[in-house]
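Shared chain: subunit A. Partners: subunit B in the first complex, subunit C in the second.
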Partner chain A sequence: MTSTEETFGRVCSVIAAELGCAECDLSAATTAEDVDGWDSLAHARLIMSLEDHLNIRFPGEKLFELDCIGDLVSLADEALAPKKENTRVVA
Partner chain B sequence: MSSHRFEITGQSDFELGIERKRSVAILAEVPDADVADGLVFIIPGMGGEKDADYSAMLRRYISAKYNLVAVSVDAHCNTCRPARSTEFGEVDFELDGESILDALGRYIASGEKIDRRLETHADILQMLRAAAPKQFSVRAILNPPGDQYQNFGVLSALDHLCALNALVDSEISFDVANVLCVGSSHGGYVAHMMHKFAPNSFNGIIDASAYCETVAAFIDGKWKEAHINDGNLIYTCSTRQAWQFANPGLASFFGPDRALIRDTAYDTHMQTVAKAASRKCQFRMIHSTNDAVSSPDLKHRQAEMLCALGFDASLDMINEGDVDGKFIKSADHGMGIALNLLFDRYYPTIERREGVTDQKLETALTFDGPKYSYRISHRASEIQLAATCEARSPIRGETVDRLAS
Partner chain C sequence: MSLLSFWKKYEQDTVSQRILERLDQTPDRLYARVHFADTTHSISYRRLAECAAPYAAACAKANLSAGDRVVVLKEQGPDLLYAFFGAIFAGAVPTILAPPSPRQDPAHFWRGHREVMDRIRAQLLFTTSKLKTELISFPTDHAVTAITEEDLPSTTRLPIPDTSSQDVAFLQHSSGTTGTKKGVMISHAALLHQVDAYARRLGLNERDHIVSWLPLYHDMGLIACCLLPVLSGVPVTMISPFDWTMRPTLLFDLIERAKASLVWQPNFAFQHLINCVRPDDNWDLSSVRAFIDCSERCRPETLDQFASKFGPMGVRKSSLHTCYAMAETVFAATQSEPGKAPRTETIDAQALVDEGVARPTLDTHATTSSVLSCGKPIDDVTVLIMDEEGNRLPDRRIGEICVSGPCLARGYDRQPEKSASVFREGWYHTRDLGYLSNGELFVTGRVDDLLILNGRNHYAHDLEFSLRDTSGIVPGRVIAFSEYREDLGSDVLIVLAETRESDTAALKTIKKNIRDKMLDETGLVPASIHLFPPLWLIKSTSGKISREATAQKYNSPAREEGLT
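So, the complex of A and B:
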């Protein structure tokens, strides 16, 4: 499993838990408009929850510019990358 | 980027003589740069934009994207609606017992049977819920945290100005010539009032659907302020009140003076503001022709007046045809415009203009009404902002055109 696939799974798991939707209905192309209840307040809750679960911090200027789950995954991967590199060094 | 939290003493209610029991919390998101390009107060309306997660995210977004210190202030009566999550405390939802009995009467009149023992209001509400889809209206008082009440903007504006002073005096470095406010609905209204009380401190005010005067339904305690649906129960709400409308002899009477000081489009007062403003603020406003809460005509007049007084003001009036589902989601009050998009749209149209704060200038303003004079004094000394309201002798022949209209 690539890191992107792994991140995609973790992101979808958080989205499903936060928004009460089925994980299997989510794809990289899924947008907020495709999911019931994914409004701006839910989006904020989701971002905070993803940051908690993945132990990352998204760049502030990107927070409202995420059009689809694929964007979220890419950004999460970018935020996770330094952590993974550090993990390898330590290991 | 770093997050800061301060607390300052709230402004006492100088109109009603009520001391503040609760300190005013300030949350600031500070960008990484040594000196930020300015500071923006993000002032939500009374609704969902006060959600804690959304507010925190909005501060981070604006701070990172625009290199601005992004600030939320727990100003007076800031929290007056129940919310999923709050940064500054919960609103207590107090149901009106008499209206529960009224609803019970309607339940019986509709032919429903009393099928349980009713000992408490909760028992009645449970029975009413079981009668869905029949709907029942129940009144509720919204009690903001810390024994606050609906002051309608004056104390909120003063709290924000004290917060600005505290931030200027803090270790946070920002360009004090570029202080802005962004707000929708009540938040935009508070932003205009901040400018009214501190005409030099702000480089730009961005508002969506900001009203220009007191919305009577929000202060008359007649349960018309908000409707909150809970299944088949509809709560008609009113925030806790301190004003009264029955006895003009009491200071708590909400008379013309109280209305005029809260009027950000009252030409006599705004002429005072314009004279005191060494730098003219830039106003960017957007409003709907369908707005049922905030008069579109009055908003037009406000924009025209601001321009006539030398301010750099623009007003985008939208209608049903402008609803695009992205920036403008409806033509109703608020237009469904998210604060991040509002700021993205208008901040780039505001240019940095040299200016200093009213605290440094020690600006003093007098706003006369028929019965009272309001004085706002900014000082560089220990007490940095003083607001008073004293009885005055009416000037012979003086008319209050704004009220007459």
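So, the complex of A and C:
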């Protein structure tokens, strides 16, 4: 499993828990408009929940530029990259 | 003759005069600190006057007469304030409309705004270059001249406006979709009365500082966090609602930095903060003497949670307040007493429905409802409860909340029928249900089908109308209603529709169509969409679909008959 696939799985699991939708209905192309209740307030809660689960911080300016779950996964991967790099050095 | 002595000579108590008095007495005093596009703009009274002057000059250059309507359509930054006050100084009547949301279809956005501009016969539109370009793609019958920052004349001199206290100062537009937005006409006199009376009730003083994330196209943002500060000499720090939504704790950063004392926000925002603050986060919020819950039903459980969660950061129960407000009364009709937590009553829910009486109960077996007091009316405002025939009801009887007083609006701009239906014989009939007890107002519901979602008003029939052409649903067989969600501290939107489809993929497409239509036309995202086979929704005896009966059916086991 690649790191993106792993991140995708973790992101989808948080989205499903936060918004009460079925994880199997989510794909990289899924947009906020495809999911009941995914408004701007839910988006903020979701971002916070993802930050807590993945132990990362998203850059604020990019959070409203996301078109789909795939974009969110890419952004999460970017935020995770330095952590993984550090982990490797330490190991 | 100076501008100020000119005004004093004619004793014209207007918004312009009040600001000029402040300008004369304390030109360098901070009015607003506005965080916009990664920059903090500090605006003194002098700077406000100098930067509003080009907008006032643009009105003069366009040969606007006193009372001509001007639309302000800009992102929430300093320029929005300059444009709004510039139009007021020119004697024009500005109205701030909501800028486009990135998720909303531009065609629908412009259709709604052009309809408003046509109806109020707007002469000028103060906007940005980007929006001016978009506007050209959506022309309508009525010509409006769009002015951007680049088009403004170069001047720092304010004109002498030809306005009197009884003139309309600005229009406050309600939310809603095309055809349903109403422009509430607020006179200078009504506004100044509101500001003075509300400042007295709050005990506003020079040490106060307001912090706000509220949009200025909403009455709570415009009156409490823009006009009250500028007219009372109390500084305000503003961030955009867009930034706050994404990072709600920015509000706490600003409170701590400014040692702010006053914050207004709707109930859902209290809950959003509760949900979005991590256990290890910490701020000093002890400077806030009043967090004021307003613009949607104030929920005691939300304020209890807020006090409990943020108590260790300095939030006291006595600093959580309630206010009953609406644009039709400029803003506040009632306000809870500063320094004292508003009263919560536990009433018998069955007696409320069956007898229309708010009966306090201690019976642990009874179904109860907790209602938060919105306080007593502000000075010179009278609040009464009336029955359907217009008879005054005694304490504890549920009826329509009606408000009278000098801060009543002049009606809806160019909508005499709509005005006459709610402004009658000196009373504004709010369509809200509630009761009085010892002079305090308690709000319990609505007479009509108004839904209040995240502090903004939407009519159910209007939302249903926006779905009229949705592919896949049986024409006319759709209803919208709201349900309270305790975890969100606000009502959420539920949409039920009938379809003849049963295939899973087709049902999924229909739900997406509904979501897209709703978002495009109203900017709202339904929390739940459910599809049912034909004839599932319940019709009333008048042949119309009954929202109440259908909502009850939806909350019963019959919901299992749903297709999705």
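As a working rule, the second predicted complex is superposed on the first by the 91 of 91 C-alpha atoms of A that agree within 3 Å, B and C clash if a C-alpha of one lies under 4 Å from a C-alpha of the other, contacts with A are read in each partner's own complex, and residues count from 1 in each chain.
Everything that follows uses one rule, which is that contacts are C-beta pairs under 8 Å (C-beta built on N, C-alpha and C of every residue); 3 or more make two chains touch, one makes a residue touch a chain.
Small disclaimer: the values here were computed from a predicted structure and weren't measured.
When both complexes are superposed on subunit A, subunit B and subunit C occupy overlapping space and clash. In the superposition on chain A, no contact is made by A:9 with either subunit B or subunit C.
By the touch criterion stated above, A:44 is placed in contact with subunit B and with subunit C alike. Within the superposed three-chain model, A:36 lies in touch with subunit C and out of touch with subunit B [touch as defined at top]. By the touch criterion defined above, A:52 reaches subunit C but does not reach subunit B.
Set side by side, subunit B and subunit C differ in how many residues of subunit A they touch, and the one touching more is C. Shared-chain residue A:64: touches subunit B and subunit C both. The superposed model puts subunit B in the path of subunit C at one of 74-82, 416-424 or 506-514, which is 74-82. Overlap of the subunit B and subunit C interfaces on subunit A: residues 40-41, 44-45, 47-48, 60, 63-64.
Residues 32-34, 36-45, 47-48, 52, 60, 63-64 of subunit A are the ones that touch subunit C when the two sit in their complex. The touching residues of subunit A, when paired with subunit B in their complex, are 40-41, 44-45, 47-48, 59-61, 63-64. Put simply, subunit B touches subunit A in their complex at residues 1, 29, 48, 51, 53-54, 56-58, 60-61, 63-65, 84-85, 338, 340-341. By the touch criterion given at the top, residues 102-103, 242, 245-248, 268, 272, 275-276, 278, 454, 488, 492, 511-512, 515-516, 519, 524-529 of subunit C touch subunit A in their complex.
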